[in-house]
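A short write-up of the structure that comes next.
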């Protein structure tokens, strides 16, 4: 058993990393936007906690700063901004259920195994106790991207994007015990700016197509063929018409 | 020739005699009932005895028949593996032979002549026995085709109904596509092994790539016959339309012959196992198990439901075989053998309980002429023995202790839990997922059979002819009773069974399960009792004892039992139409997991102002797999049809050209 | 040696009887705490015993349409549940019962009980009974795999499906924070709530027709049949409580059959169960019952947790 040989602090890191992965799954399958934002905040908080514990275990002081920065940004500021955003967009009660939630989850499980498989050769070189976390971080990144694929709602997609960033951050912390502080500040700033820009875009998108359903961005192309191609995504033509109409009704604050 | 082989040969002779006697049924239909079926049962007894003898003796007996081609005489071999499958064939045939006369009696007044029924039943049994005995590819393929063809005629027995004819044709088509794949697989082995005899194939050394090709062909061919997803769609069409005792043979035994073929081909003839095959088999097996049981859950035709459940059980068997391949291929013989034994145990179990359930469905059909669950109800009080036996079958198939299905499920889980021995981290995480699928399958099977039993046997009768159902004759009861008893026995005495089954891996894979029986007959263990153990006799005995004790203690109070109307929360006394139907029972699960199928559900207004609930459940395999192939074949044949000009001289021209080409090739 | 065997058998028997005896008490405790949380005094702690005694003495009414299975089912359900419980170490570990039936058999016995419970619901042929049976099978068919996955996580870690050796493994190995156990614990708690018919999935206190699952199957039962069914449900609750308490927090369980150790074991399990019961009561007071079709999402979460437990065991704990 390799786990029992690790010091307790390092085991704690593993537990926290596993919880980060769990929040990724929660994000993926959470139908209510508000709850998804909460899950995202938890994920940010956990990522900050991982950083703190890694700092404590490895004794690198600059990681404390990045932990603080992560916490302030990912667990407090961005969730708060998103919250405000959806309040202003009147999306508090928005519920978007995935069509096949179990399949989406299974696919995410497959992604976890896949990223484990990718990382195995690296793990075998024996970097540090955190080596196993690299697999988890990669899985968090991939699930974030997967979330952007399966979700129709633009805010949910932003959450997916942000959680990808969480995964990258986790990878950086676990694989190399953190990036230089300058880089981290830069990344944090980028994320913040991205968030502001997303906010601006949301209002723009909604003004032009009355919805934040990204599937409906298809309409911005001029030909009707494209739209037919979009409708083909649904299995049967019978169902395609309601799907076009339904999210609009929901976005209006059903 | 040893006694065991002589007994099996006797079984073949008796089966042929049963077929021959049936020819007289054109004159006197009673011949089938009075002579053919008893001969069939005797053939079953002989096969059972011979197979068990071979299994217990643990040595391989070979013989050469004075038949076949001049340079390729037919060779037969009876080793532990074929002995086991012979015994499986024998025991179900015996039960069917006991059950058959009563069931056939109901068909005597029908329009269909009984000659094909009796005749092809005998040939069917002959074919199956010959497949497991064959020791060269030639005899194997001949016997295989005999089995497929004779069962085709049995599927087509009720040929008045166009749907049955279509099902039979589909069955024939799939059987031959599968047969072609198997033939090609043998071709690969034969080309490396210099000859069609199995001995030569065993001795052959294949390059890994060619071994994989042979494996793929065998898996395609035998998997098609075994009804694995996505090639299963013919099975639920074909099996239910045959007469019920034949359905029992087809689902209970013929699918096992396909498993036999796969095991013989992959574990024995190819020999050098690669673990990647295990992953493929495991994935397909898991898919079959899950989709099979979900489809079964949504059916309301009893026999069709049972046929889908066969897909599921074959999936479980292939999960076991996949695990065995995985472990053996990566150099872990002990868990590999464990998984292998689990698969074989499930082969036996499924033969018994699926045979039993099909016989039970046949008994219902016989006495109430009903296959639709929605019309049944309250049959337990009208047919108590059939009800009891069916309940035992349902408990067995739902993998509940202390019945036999549980033992094989326990073994499969235990072998999956040996995944920590594997080296690859990914494999270690894939195997538990397969066991999750198995667990989900097991729970859904229980839901399915609660539905079947609750709707068919409990509650009140939903139609007049079911209300008039009468108990079936003794012979039919005896056939079911035999299988039900065996289900219980195999569940209570797993150690003895595994001790016997051990001969197969010892002969085939060079090692058995030394520790599983080390604790004596009382307790089934893997390595030692601190790791895992299941003492089936104790569990069964304690269950029975404490139940008896509880009944005795509480009855002792002499409190009255009063019969009254059902309470039902104080609503009007419930009538038969207020009961939950089979469709209603499955509705929640249909809503949660039904996406995997094409479920069309609607409430449409009826002419008289009422409403009508419509439900159609389609199998996605048709749209995803069969129809594209069918379209492709059609397009290809449309090209070929241009050759058909209708002019005789053009045909003769083609003949001449073919002749010239052939002459050129052989010169 | 002989002496040891008889001592352990006696301890096993004692423990099995303790399950019988303690089951109503736990239910009484949960009801009491719940009542207190709602500012009621609530029934006495011993009320469930009185209910059982009353039911056992009462006349049994059986519907005209019922088959013999209806009268047989309570006995089977009761005994199967009780036997399942007897295999879970309650006060002492290393009992012979663990070798008779491992954790897969435990799940199997519970499934046997559920099978007959659902059949009994359908037997009389009322709409409610069928409804309850159908819903119960929906819940269980999602909960059972989650439960098996959760216990497989433990089994893979301890390389054993024998409950006693899983607990021994926990006690003997050094304390370690295992993410897999955390997930397994979460999954198992959700499964336990669903399987014992507690609040987010089912409401044990309601007889409101459209919301009930477990009660719907028992509607037609009366007298000693009902007593047995109720008792079985109470035993099942203790079973899950003991499973969670003793697998994940095994400290205090008796490892020998000395009276002092056994006494400590009893005290430890009593404390753990009281704590779990109180937590359950708090949870039930805070949460609302879900709609039936939200239940699959709840159970999917359980399955996901269990699966993540297995994966994190493989990825994080074993190493390559």
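The letters A, B and C name the chains in turn, as written, and every chain counts its residues from 1.
By definition in this document, a contact is a pair of C-beta atoms (placed from the backbone, for glycine too) under 8 Å apart; a residue touches a chain by one contact, two chains touch by 3 or more.
Here the structure is a predicted model, which means the values were calculated and not measured.
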Pair joined by the larger number of C-beta contacts - A-B, A-C: A-C
Chain whose average C-alpha position is farthest from chain A's own: B
Intercentroid distance (Cα basis), chain C paired with chain A, Å: 37
Computed distance of Cα centres, chain B from chain A, in Å: 47
Junction residues of chain B, two or more chains touched: 425, 429, 433
Residues of chain A touching at least two other chains: 102, 109, 113, 116, 120
Sequence positions of chain C contacting 2 or more other chains: 307, 311, 314-315, 318, 320
Contact set on chain A toward chain B in their complex: 99-100, 102-103, 109, 113, 116-117, 120
Touching residues (chain side chain B, partner chain C) in the complex: 377-378, 380-381, 387, 391, 395, 398-401, 406, 409-410, 413-414, 417, 419-420, 425, 428-429, 432-433, 435-436, 439-440, 442-444, 446-447, 449-451, 453-455, 457-460, 523, 529-535, 538-539, 542-543, 546-547, 550-551, 554, 557, 559-569, 574, 576, 578-580, 584-589, 591-592
Complex interface listing, chain C residues touching chain A: 173-180, 182-183, 297, 300, 304-305, 307-308, 311-312, 314-320
Complex interface listing, chain C residues touching chain B: 56-69, 71, 75-76, 78-80, 82-83, 99-102, 104-105, 108-109, 111-112, 114-115, 118-119, 121-131, 133-135, 137-138, 140-145, 148-149, 152, 155-156, 159-162, 164-165, 207, 209, 219-220, 223-224, 228, 292-293, 296, 303, 306-307, 310-311, 314-315, 318, 320
Chain C contact footprint on chain A (complex, rising order): 1-4, 6, 8, 11-12, 14-15, 17-19, 21-22, 25, 29, 101-102, 105, 109, 112-113, 116, 120, 123-124, 132-133, 135-136
